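Going in written order, the chains are labelled A, B, C, D, E and F, and every chain counts its residues from 1.
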Amino acid sequence: MKLVTAIIRPFKLDDVKDALSAIGIMGMTVSEVKGFGRQKGHTEIYRGAEYAIDFIPKTKIEVAVADDVLDKVIDAIVESAKGNKVGDGKIFVTALDNVVRIRTGETGTDAI
Amino acid sequence: MKLVTAIIRPFKLDDVKDALSAIGIMGMTVSEVKGFGRQKGHTEIYRGAEYAIDFIPKTKIEVAVADDVLDKVIDAIVESAKGNKVGDGKIFVTALDNVVRIRTGETGTDAI
Amino acid sequence: MKLVTAIIRPFKLDDVKDALSAIGIMGMTVSEVKGFGRQKGHTEIYRGAEYAIDFIPKTKIEVAVADDVLDKVIDAIVESAKGNKVGDGKIFVTALDNVVRIRTGETGTDAI
Amino acid sequence: MKFSKLLATALVSLAVVPTMVFADELDSGDTAWMLTSSALVLFMLLPGLSLFYAGLVRSKNVLSVLMQCFTIACVMSLVWFAVGYSLAFSGDGDYIGNLDKAFLAGVTVDSMMDTIPESVFVVFQMTFIMITPALFVGGFAERMNFGAMLIFSVLWGLIVYVPVTHWVWGGGWLADKGLLDFAGGTVVHITAGVSALVAALVLGNRKGFPQKPMTPHSLTLTVVGAGMLWFGWFGFNGGSAVAANGGAGMAMLVTHLSAAAGSLAWMTIEWIRFRKPSVLGIVTGMVAGLGTITPASGFVGPIGGVVIGLCGGTVCYFATQLIKGGLKIDDSLDVFPVHGVGGALGTILVAFFVSAAYGGAGYAQGMGLGSQLGVQVLGVVVTALYAGVVSYILLKLIALLTPLRADEETEQQGLDVAQHGETGYNM
Amino acid sequence: MKFSKLLATALVSLAVVPTMVFADELDSGDTAWMLTSSALVLFMLLPGLSLFYAGLVRSKNVLSVLMQCFTIACVMSLVWFAVGYSLAFSGDGDYIGNLDKAFLAGVTVDSMMDTIPESVFVVFQMTFIMITPALFVGGFAERMNFGAMLIFSVLWGLIVYVPVTHWVWGGGWLADKGLLDFAGGTVVHITAGVSALVAALVLGNRKGFPQKPMTPHSLTLTVVGAGMLWFGWFGFNGGSAVAANGGAGMAMLVTHLSAAAGSLAWMTIEWIRFRKPSVLGIVTGMVAGLGTITPASGFVGPIGGVVIGLCGGTVCYFATQLIKGGLKIDDSLDVFPVHGVGGALGTILVAFFVSAAYGGAGYAQGMGLGSQLGVQVLGVVVTALYAGVVSYILLKLIALLTPLRADEETEQQGLDVAQHGETGYNM
Amino acid sequence: MKFSKLLATALVSLAVVPTMVFADELDSGDTAWMLTSSALVLFMLLPGLSLFYAGLVRSKNVLSVLMQCFTIACVMSLVWFAVGYSLAFSGDGDYIGNLDKAFLAGVTVDSMMDTIPESVFVVFQMTFIMITPALFVGGFAERMNFGAMLIFSVLWGLIVYVPVTHWVWGGGWLADKGLLDFAGGTVVHITAGVSALVAALVLGNRKGFPQKPMTPHSLTLTVVGAGMLWFGWFGFNGGSAVAANGGAGMAMLVTHLSAAAGSLAWMTIEWIRFRKPSVLGIVTGMVAGLGTITPASGFVGPIGGVVIGLCGGTVCYFATQLIKGGLKIDDSLDVFPVHGVGGALGTILVAFFVSAAYGGAGYAQGMGLGSQLGVQVLGVVVTALYAGVVSYILLKLIALLTPLRADEETEQQGLDVAQHGETGYNM
């Protein structure tokens, strides 16, 4: 099993969620993060003092998936999150040793 | 070493924390996330327009543990977070290559 | 490739970011978390009722790096985040199976 | 200067205002109340209305809404100072006043306006021209360019607000016809509501509307703003008596009752339909009740107040469903269905509830239900059409100069950062 | 109509209010102040009190508190309109008025109430029946069903508030006995405080209380609400003079001093005990000071104001510790220890500080410390018992109809989403 | 008692205030307005100013700012009650009053102050001593120890505010010289602004200033506070007429115009410089406009109001750039460049715009532009120097007793948790 972590633009969340649902992914966990990267931030000005704000609001999506759907999942995210502009985001894939469903105690792919 | 990531219901946090403390776990990191899964969300209505809100507030707990306590930790979380209703949450286990304590520079299980 | 996750004191973020930039790290993802550990929390008092607040605001930084710079990155974080007081934080290192840049579809170290 | 609003009041309720016969002698009590009322109407806008609106938008646009309201308040004050007051209240023209009092020439510490200093009357009326264009900000929220918005507001103030004020309150042709509009059903609510609708149509829907939910970022702010509106409305309607007397008292009483009744009407409908009465619902009902009673507030009695409030809450509820749900028009904060419809409804209901039979002040001499109703409908139709047509033309002309609508990236990022260089919250 | 509140004032401070001898002739200054005071008391509730409370609950319940206060405000307005005003202020009964003015029959633009229009008096008193039940919302916050809450409030308004008002201010038996309650120590604060306690006991503690910390979600809101309360209380107490005169001025001065003294008393205790004076502490002390001075505000002098404030802040502090810390009763927002105790304390302290020796207005003819104290204690005990017993019975009866308490899942999820279908914040 | 503020007003605009000749006979309209004005100035501080400031700091310090403002409000009220009022307004001394009215001895329900009860005058002036030290909280925000802050405020109130009030409004030497300061350019804004600057210098910059951005945590709060300030300022300036007459009306009108003009001036500069007019900019311009018109508000006409506002917005903008950007002084919330500079500017501009040629009230007998300007400059220089020197000495002395500045860990963690044991938000 793999944990797919995608950093995307916040307003793409609905699209990504729909794309994942479309390929049968039933669950995911989402959080708000701030990103720093090649995309440049913006300037804020308070009473004449300018501040460069480097961090950009991003959304992080974590999805645990069985190995066999990994590629489909990555493709779905890439397709739905892409805007062809710097800052579209990244996907990180890590190996999952185990998954447990708290309610039932099921483990492994059954728990996803 | 393993990193145990649990997605639980927010109001269970204190119970889980107590259960982990009880088995000697001294540290954890907590964040607020939104979950999407089998548990269904709720409806909000603004001036007559209904919106289905799919994302449900969840709490994410990350605990780095030594391999030997992994099972105890998982059990403790499962026991304390369980409510026997859809949406109780998941536990993800990933392998940790290393842990470093910033203050001392210690690494490995010493740093946990 | 590795994913380096550091839990640091919030006010150290700028220093850490600068230290990472200095060694050529171009991207990172940051989020606000609450930490629980050896550092003790504080007390809040509302109308005479005292509550121990165990959780302490921390900042989590995630950086995907190529294997060869891992040590430099860890050192940079340790140096810049250190305050020599309990609660300075931890670094967790996990293996990354893959990284994908959404915009281009590049994978592996090219995508970092 | 003919001041037909007072005239109308005087006609229908002569006995009420005995002090007025000593016109031009200062009454400190009347002055105290009008000073207070002016402050109340200012407060109704800043922070009242601006907060009410700010809570309803997404957090990336919260400052833009506050900024638009604030800037309109400032700019319209200077417009009023420069020529607005004079064109509205100086001179006998049927359609527009004159420039005798431009730059408030002749408004000195001693100038009187009936029993209060003219300076106070200038401020009180100034707060009305400030709040009216701020109302229509809700129609194009989250997507209009700040510069275009400002040009539109200024021209609108001069070409729509000032003449209509003259027609109705400054002794113009609608006043002559006997239109009853105590505190601004036509002048304020219809003009603002219709213009908001036109602007929403000209600018187009927000990207993603209506598929994507665009939920209020802080209903707490909206409820705070609502409380401020209710409070401030006491000055708006109560102050429109231009005296501290039974007329002001009754205006306040019926205003209050209508707010309460409108709130409960809206809440009850939601409760029945969804089993979930909402706080956004109840405060919207409150605004509906307040908007609807506004033209009527000096003319009706307590029972009139309650009935008008119930009508306002109910009719505006369904109007809201129609515009947004039915017609899919993104009048983002529902300005037209609440203010436009409420103002029109109230203006028409006056014709009934002014009747002494319902505890109202009674028809003016020579007027009856039929004739009054005719005048009221005329007032509604003319002001609505005038505001709508002029707004449409103005927006189309301004679009030739500068784009009305923020570009897509700005809309996505939010107007706060993109146009004002700041963010609402850094928690 | 006997209007014993004014009567009492007149008795103890006859010389103060010379204008009152021209009763029934409108005084525009008095009217201006009463119009303003009405607006101030409305503001004290919406948004004042509702914000003060909303900040203290958890964010999942913020809207429910705002909604409860708002709905109570609206419903009680119509109750007052329908029968409340009449039963309280029309007729000579010892225990209850009559229905002559039901639906405000006879309240016209010309009706007078001493020197002000009766319409203004109706609104001013209406704001009191709006705020009183809103106060007890703090007792059962975060767990009561909205429907049950509404039924309870309406019945409570009719069966508790209206009669007690008649007893004390409407010429009833307590007025006849000479009870001094200027602006509502018994009528408002004791009745609301005791009923909050009873409701907290009948409903039971919030799940997790007192083990789990349930900290205020936004003290910023609470402090904003506190400032609004202070501001609005000037209308509450100052307006209770029903005139713009020295009596109103002194009421405002002592109200202000008591607020300041109560704040500092509470803050000082915290500073000594914890070395951390808190903003929640200081604003709670302010409410204690204001609640305590309320019954006394028209009768005492500046020194009385300061001393009463210090007593209020101190006694209410320890009462709060007792109820929550000691007895573990989840009167969630401390309504009883602050309002109930403060109102009772102030009502009793009047007996001392009304004395001319302390700069007060002096005892009424035939009254002295002993006799006055007896009446005050009687007033406290009777109103507390009456409100407590009736509240208990009402809640038990309502529980037969509909569950008082939200089910466990609703409580966990928060009332906002579960009962009102909306969330406070979407940042 | 000489009451030179009224005297000055009377001298320059005798005809305006005919009712004043019946001094000591209560005017209910004047009283109503002054009761209202007192409430407005209280509101300007709590929650107004406290919110305005609270929004500008980081969220870890939000409560500390609210707490400082709130505590100052309470403590200064008691200082005023104890000796402040008496020393400022009782007695004929050139430099200080006497203690005849300490603890408000002799202030009874019947005491009069011209046409209003003395109790009302006491409250109105009390709100001024409350708000003035609260203004300088912005200078040392986010780093001063609460205890030291409190000691400083009390001593400052007694040694700076009270005497200066006596000099200018209580019949002291500056009044005798004919200084025109209608509502507190010198007494309030210069003293507070200069002391904020001195405190900022004595305490030193916040850790990280100016490299680290310390952006406002909630501009929404700041804008809400700004609206409240504008609203409350109507009482501040309008109430300084101590009557509900043409003088009050004109003061309100020019105050309003100056606020609008100041706002637009600041906004325009930002628009030109950055192409991003900001809401923080426009509200800061508003405060600049209001602060600048304050000393002038009872003396100038509408055109004077607009011009003074434009000057205020512009000059304060550049002063802000100089202090923070240029000199790198961490007067954290820009109290000196806005209030100090605005107050001084306005005090000087009075000398021009009081001229009848510009629609002002005209020079007092024997005064002309030159002589008036001399007096005004003298007033500015003396009050600025006096406030600055005394503040410096006080701070240095207090530092011997208790550390002025929070320790590094406290500053890092935030004052809310460290000094008050609570947090602003638990969402």
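The rule is simple: a contact is a pair of C-beta atoms (placed from the backbone, for glycine too) under 8 Å apart; a residue touches a chain by one contact, two chains touch by 3 or more.
The structure presented is a predicted model; accordingly, all values stated were derived computationally and were not measured.
Counting steps between touching chains, the shortest path from subunit A to subunit F takes 1. The chains in contact with subunit A as well as with subunit D are B, F.
Two chain pairs are in question, B-E and B-D; the one with more C-beta pairs in contact is B-D.
Mostly differing positions are employed by subunit E and subunit F in their mutual contact, as under half of the interface residue numbers are shared between these two copies. We define each chain's centre as the mean of its Cα atoms; on that basis subunit D and subunit E are separated by 33 Å.
For the pair subunit C and subunit E, the distance between mean C-alpha positions equals 52 Å. Remark: subunit B and subunit C have CA centroids separated by 18 Å (rounded to whole angstrom). Among the residues of subunit E, those in touch with two or more other chains are 27-30, 32-33, 36, 215-216, 218, 224, 244, 274, 276, 278, 280, 421-423, 425. Within subunit C, residues 31, 44-46, 94-95 each touch two or more of the remaining chains. Going by the touch rule set out above, the chain pairs that meet are A-B, A-C, A-D, A-F, B-C, B-D, B-E, C-E, C-F, D-E, D-F, E-F. Within the complex formed with subunit B, the subunit E residues making contact are 212, 412-413, 417-418, 421-423. Listed in rising order, the residues of subunit F touching subunit A in the complex are 210, 213, 215-216, 270, 273-274, 276, 278, 280-281, 284, 317, 320-321, 324-325, 334. Residue ranges of subunit C in contact with subunit B, taken from their complex: 2, 6-8, 31-38, 54-55, 58, 60, 74, 77-78, 81-95. Contact residues of subunit D toward subunit E in the complex are 13, 15-16, 18-19, 27-30, 32-33, 36, 40, 58-59, 215-220, 223-224, 226-228, 230-231, 234-235, 238, 243-250, 252-253, 256-257, 259-261, 263-264, 267, 274, 276-280, 282-283, 286, 301-303, 306, 359, 361, 425, 427.
Taken together, the subunit A residues at the contact with subunit B in this complex read 3, 17, 26-31, 64, 94-103, 105, 111-112.
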